[in-house]
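Look at the two complexes coming up: subunit A is in both, with subunit B in one and subunit C in the other.
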Partner chain A sequence: MKKGKTITTWRRRAALAGYLFILPNALGFLIFTSLPVLASLLLSLCKWDLLTPPKWVGLENFRNLLADVDFWKVPWMAPYEHGFMFNTLVMMMAIPVSILLSLFLATILNQKLRGMVLFRTLFFLPSITAGIGTMLLWMWLLHPDFGIINAVLGNAYEGLSWMYDGVRNVAYWFGGELSAWPPWGGPNGMHPKWLNDVNWAKPSLIMMGLWGSMGGMNMILYLAALQNVPPALYEAAKIDGAGAWQRFWKITWPMVSPTTFFIFIMSIIGGFQGGFQQAHIMTDGGGPAGSTTTIGFYIYQNAYMWFRMGYAASIAWLLFLIVLVLTLINWHASKRFVHYG
Partner chain B sequence: MKVVVWLLIALVLVGIAYSFSTCRAEQSDGRVELTLFDWNWPPYNKMNRERIAIFERDNPDIRVRLVTGNEDKYLTMVSGNVAPDITITDHTVIGYFAKRNAILPLDDFIAADKDFSLDMFFPITVETLRYRGRLYALPSSGSPVAMFYNKELFDEYNRNHPKEPLTYPGGEWTWDDFRHAAKALTQDRDGDGKTDVYGAIISFTFHRFPIYVWQNGGEIISKDQKRCLMDSPEAIAAMQWLHDIMFVDGSSPTAYTQVEGASQQTSGILFKEQRVAMLMSTRYSYSEFIGKTNFEWDIAPLPRGPVNRATIYIGGGWMVSSQTRHPEKVWRLLKFLVGNKSSQMSMVCGRAMATNREVAELMTTNHPGVPPANDHVWVEVMADARPKDFEFKEMGRYFRNARAEMNYISQGRRTPAEACRNFTRIYQKGLDRFWKDEGGP
Partner chain C sequence: MDELITLSRKRAPVRLTTILTYVFLSALAVTMVFPFAWMVRTAFIDPKQVFTSSKDVGGFLKWIFPWPPHPDNFAKAAEAVPFGRAYINSIIVAGLVTFGQVFTSSLAAFGFARLKFPGRDKIFLAYLATMMIPGSVTMIPVFILTSKMPLVLDGAIGWLIGSESVLFSSSYYMFRNTYMGRLVGLDSYFTLIVPGMFSAYGTFLLRQFFMSIENDYEEAARIDGCGTWGIYWRIMLPLSRPALATLGIFTFMGSWRAYMWPLIVTYHEDIMTLPILIRSFQGQYNTEWTLLMAASIMHIIPVLIAFIIGQKYFIRGVRIGGIKG
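After this line comes the complex of A and B, so read on.
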């Protein structure tokens, strides 16, 4: 009896110590995360300009959001007009590419070669470099006049122009008509105007995003996953006559599928929330003509530029619902595609 | 478990005690602390600290705490009930804050103070800060738009064309004179078929295009602020005129033109690198040019339009929070901020032009040998300046989309007539909504 009581007391003390250890974090989470999240849900049902008390409007913000042309419009509705959902989705189209590139890089960096640690460090560098610094760097790279990208394109221009003329002539013989060289330029443009052009701004940001994400945390996760694949599986497959592609497709891909699933889910969440910094720093507030305004930046615009806190909160909650639904779908689908153990 | 509960209670109590402690305005040395909010820009911060030191020396019962940031920070402070006592603001948001009782009307302070008169300011700088007849801020600094021109490019042209010389821009210039000069000054220096120097740089932003609409007898919105008038023949003709300078004459870079060899494509840099002969801008640009150019430049009034010589005024003011607990002391600080000494310091710091007339007169005539020679033009054109009476914070997204329509002209994606019609449609939609939801401006 006495022994039992001692154990109970000890357990209680241990539990208390545990609670005390997590207390600062739990309090921080409750006060600075949970409360604001709940408050934002209430706010989404109100009209609030920060200066006067919130006014209850029920679901009006959500109704307005569903009818918000700026949010939902797509370029084929009106030329040059890119809605913010469209912008976000287009930029997220780079996610699968980014995942594949990360896996490709990790596979290469998983080879046992001398100096490999140096290469791993080099590829991880973009992730530990300050975001603003890399964004400024990319702004210069993408500068229409002095950027190194257009300088390279300029050298390739003559050759491409000659080839394009040939293609144009062939098209002409068959009754087709192609636009004058270059097919991508603005009205006066020889090279893409990148961040200055409605149609090129998103690809510019995607390019930068791929550069930053392929060698970042995703690559490290894949590296860890690849190193956990038992070599015996590859040896057995080799003995059975499996080629490199078969070994990758039948062993590596299924074995790293939990990592792929994790990266995919996180990328989807990050993709829906992202684009704020780029819009703020690189495209002068989501320009040109709103073509790089993502949902995240639209929330900021509504909250702090136009003082529509309630509407901003409703966008944030719509975003949450979208992410939740997609995550649930992914979770359900993962049972078929993700292999544990 | 009890310990955890007690810990939680203790933490909450500490939090409450701390929040009360931060609310104290009375300091331990008996001085009252006032908060001054200004934009965060290092040269301003330094100047602000200097002028606060002068104020505190002359007002030993007051301590001034400088808070710097942007509008987000200000709004957060207001909603957190720790609004700064005095805040800088752009004149276009005065109505927004006044309507929500976030700021105090200053008429009673002015009436009670026999030593203070609004006559010390340029009238327009005061009028822009009124809302429904009451004054809600005292003018801080501002500037109308005038013309910067590169005298050396004019001189060079006149040397090469002695039979048809150009006069320097001046008050007598008309739209035709401007267009002719812009065309004449546009040059392809190396004969490679690309323009190296543009006569002018045309901007379709909200800070510029209304000037030409007004000068042509048009308006952006009606006097009762209920109708957008940008689809009027006058407005369309003004936009067409700007468009033609850009696309017919080729005298101005378009939104897509890359001026070869220029280090950046912003209008100020193009002017500084002698790639543009004439630039319409405010005195705020001085911080970009003074001491940073190696050629002679000067200032002139904008060319006179077919109907009038209007220009646009961009400026702000100091407003007082309705949360302040020391209105008398705040008034003292406010008077100091707009007074001669403080205004001089602000103007020297690069904050455009003092709204205080005496200081503006003095500081625009008293710097021989330093360009521009005709700095006094800023004072002269104040008489023609008009405020941005069409910009309302509440119309944010409609405003953005309407503005984009104007930018499409410079991108060659819309004709001026199309852009003006689209602008009117979008802006009117926003305006109708504004009246319906908020009762208008």
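After this line comes the complex of A and C, so read on.
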């Protein structure tokens, strides 16, 4: 009887200790994460500019969002402009490329050769320095008139001018005259205006993103995964006469598929939310004709520039639902395609 | 002789691929590092040289490596806006966020990993579930809470003491000519620091680590009369120093480059963190690339130092967080 009582008190004290230990974090979690999630759901059903009292509007924000032309429009339909969903999806096209490049780099660095740690560190540099510093740097590299990238392109043009002249001369001997040759129209016409051009702004950001991400976290994750692949598999495949290409697709690719799956999901979740900082810093708020405005940047504009809190919350919830659905789909798909060794 | 020939034949193709590997990796390394070199070059030239380029070889070399270097840009950038203050702000904010996050996460992780209490696993599941919620979902209500906080707090104090004109938390404070911002709400250190001090991710990471520590230490300590706090403080924390360092470095770097939250909650220059101040600097000097590159270098250097010091922990952290997450 007495013994049982002590155990209960001991348990109660242990439970109290447990609650006390998680209290600080759980309190912060409650105030800054779980309650705000509910609050933003309520907010998405209201209209609120923070000055006048909030007004309950039901699903109106979501109806407006589904009918928001700026959000959904695509360049191949009138009014031939870039919508924010389109922009976000285009920027996300770089994700598979980036993942494959990371895996490729990791397979190379995984060889037992000297100096691989040095290369790994160098490739890792862009992703640790990511932030406003490297974004300003890329604005400077991509400067339409004085940037080094266009300077190199210009020199390449001049270096190749003998070829263009040659073609022009051949045409002249045969009695013809090429007035608009080459078709891109001389050194200046050849330079893309990068961040200042509706069509080049997104590729510019993608280029910077690839530079920043291919040697980053994903490559490190792949390196760790590759070290867990048993070398005996490769030995056996070699004996059976499998080439490097076959060894990669038949051994490496399935063995690292859990990592690929993880990276892919995280990148997609990040991709849907991304692009805010680039749009804000590099293209001065959304780019030419809104061509770099992503969903994340549109939420920022609505919430903190135009103070349409309810509408912003409804876009954020749409984002959340997309991410949720994608995660669930991927999760189910992974059972079929991912090989857990 | 035959053996020698086959040996050399066997080796030759290996060497070729090795050479090709090194050539490829070096080319890629140049691509990765060149932009940084160009940044340093631009930060150290005379602003007049920025827009010139030259066709002949001597002029080209001078264009690439302008000599002598011109260090005025850093001083000029630092004079233009309160960079020193922003540096201190960023260090204070990143430092306290890091300390707070490591501390609260390790406490909670210890609770989740080592103590038994009703509802433990359900609470932890709630933590996990929120990890994939986009930050923009929660940021809007937290922003509203922040912007209304001074009014609400002053109203509450006023109600308590029966006065209608309480400006305790709505006013700005000065300390010997130094602007200190508000106590809470927009333009306050509180807002920059406190919401960042709690992290589901950090709790998750440390819990994984605590679970992997053997029970024997804990039992031995219990027999020697060590309490729960003692086990956390004297056993768990020292044993998990690498994991704490990992979380610390991640949090510091994340806080150092944090952009959106500091952007929306700071309006006064003296309370801005470094990225936000650089952004406003960019607005004022958007054609002076020498100054902008100098500012960029100032932003990058601390992260670089943190990375060099903690590279081991950083790379380990990517692995822990990634594989088990």
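Operating definition for what follows: the second predicted complex is superposed on the first by the 281 of 341 C-alpha atoms of A that agree within 3 Å, B and C clash if a C-alpha of one lies under 4 Å from a C-alpha of the other, contacts with A are read in each partner's own complex, and residues count from 1 in each chain.
Please note the rule applied: a residue touches a chain if its C-beta (ideal position, glycine included) is under 8 Å from a C-beta of that chain, and two chains touch if they have at least 3 such contacts.
Predicted model only: the values in this text are computed from it and were never measured.
Q: By the touch definition at the top of the document, which applies to A:Tyr19: first (subunit B), second (subunit C), both, or neither?
A: both
Q: Who touches more of subunit A, subunit B or subunit C?
A: On the superposition, C touches more of the residues of subunit A.
Q: Name the contact category of A:Tyr304: first (subunit B only), second (subunit C only), both, or neither.
A: A:Tyr304 sits against subunit B and subunit C alike.
Q: Once chain A of both complexes is superposed, is A:Leu50 in touch with subunit B (first), subunit C (second), both, or neither?
A: So A:Leu50 meets both subunit B and subunit C here.
Q: Would you check which partner chain A:Ile128 touches, where first means subunit B only, second means subunit C only, and both and neither mean what they say?
A: second
Q: Considering only the touch criterion stated at the top, classify A:Val170 as touching first (subunit B), second (subunit C), both, or neither.
A: Neither: A:Val170 stays clear of subunit B and subunit C.
Q: By the touch definition at the top of the document, which applies to A:Ala151: first (subunit B), second (subunit C), both, or neither?
A: Second partner only, subunit C.
Q: Tell me the contact category for A:Lys193 with respect to subunit B and subunit C: first, second, both or neither.
A: first
Q: Using the touch definition from the top, say if A:Leu59 reaches subunit B (first), subunit C (second), both or neither.
A: neither
Q: Residue overlap on subunit A between the subunit B contact set and the subunit C contact set?
A: 16, 19, 27, 50, 145-146, 304
Q: Can you list the residues on subunit A that touch subunit B in the complex?
A: Its residues touching subunit B are 16, 19-20, 23, 27, 49-52, 70, 79-80, 144-146, 186-189, 193, 196-198, 288-290, 301-302, 304-308.
Q: Flag every residue of subunit A that touches subunit C in the complex, lowest number first.
A: 11, 14-19, 21-22, 24-29, 32-37, 39-40, 43, 50, 105, 108-109, 111, 113, 115, 119, 121-123, 125-126, 128-134, 136-138, 140-141, 143, 145-146, 148, 151, 211, 215, 217, 220-221, 224-225, 259, 262-263, 269, 272-273, 276-277, 280-281, 296, 299-300, 303-304, 309, 312-313, 316-317, 319-320, 323-324, 327
Q: Name, in rising order, each residue of subunit B that touches subunit A in their complex.
A: Answer in residue numbers: 1, 3-4, 7-8, 11, 71-72, 75-76, 78-79, 96-97, 100-102, 254-260, 262-263, 265, 393-394, 396-397, 400-401, 404, 407-408, 411-413.
Q: Which part of subunit C faces subunit A closely enough to touch in the complex?
A: Result: residues 18, 21-22, 24-25, 28-29, 31-33, 35-36, 38-39, 42, 50-51, 53, 103-105, 107-108, 110-112, 115-118, 120, 123, 126-127, 130, 132-145, 147, 194-195, 197-198, 200, 203, 228, 232, 253, 256-257, 259-260, 263-264, 275, 278-279, 282, 289, 292-293, 295-297, 299-300, 303-304, 307, 311, 314-315, 318-319, 322-323, 325 of subunit C touch subunit A.
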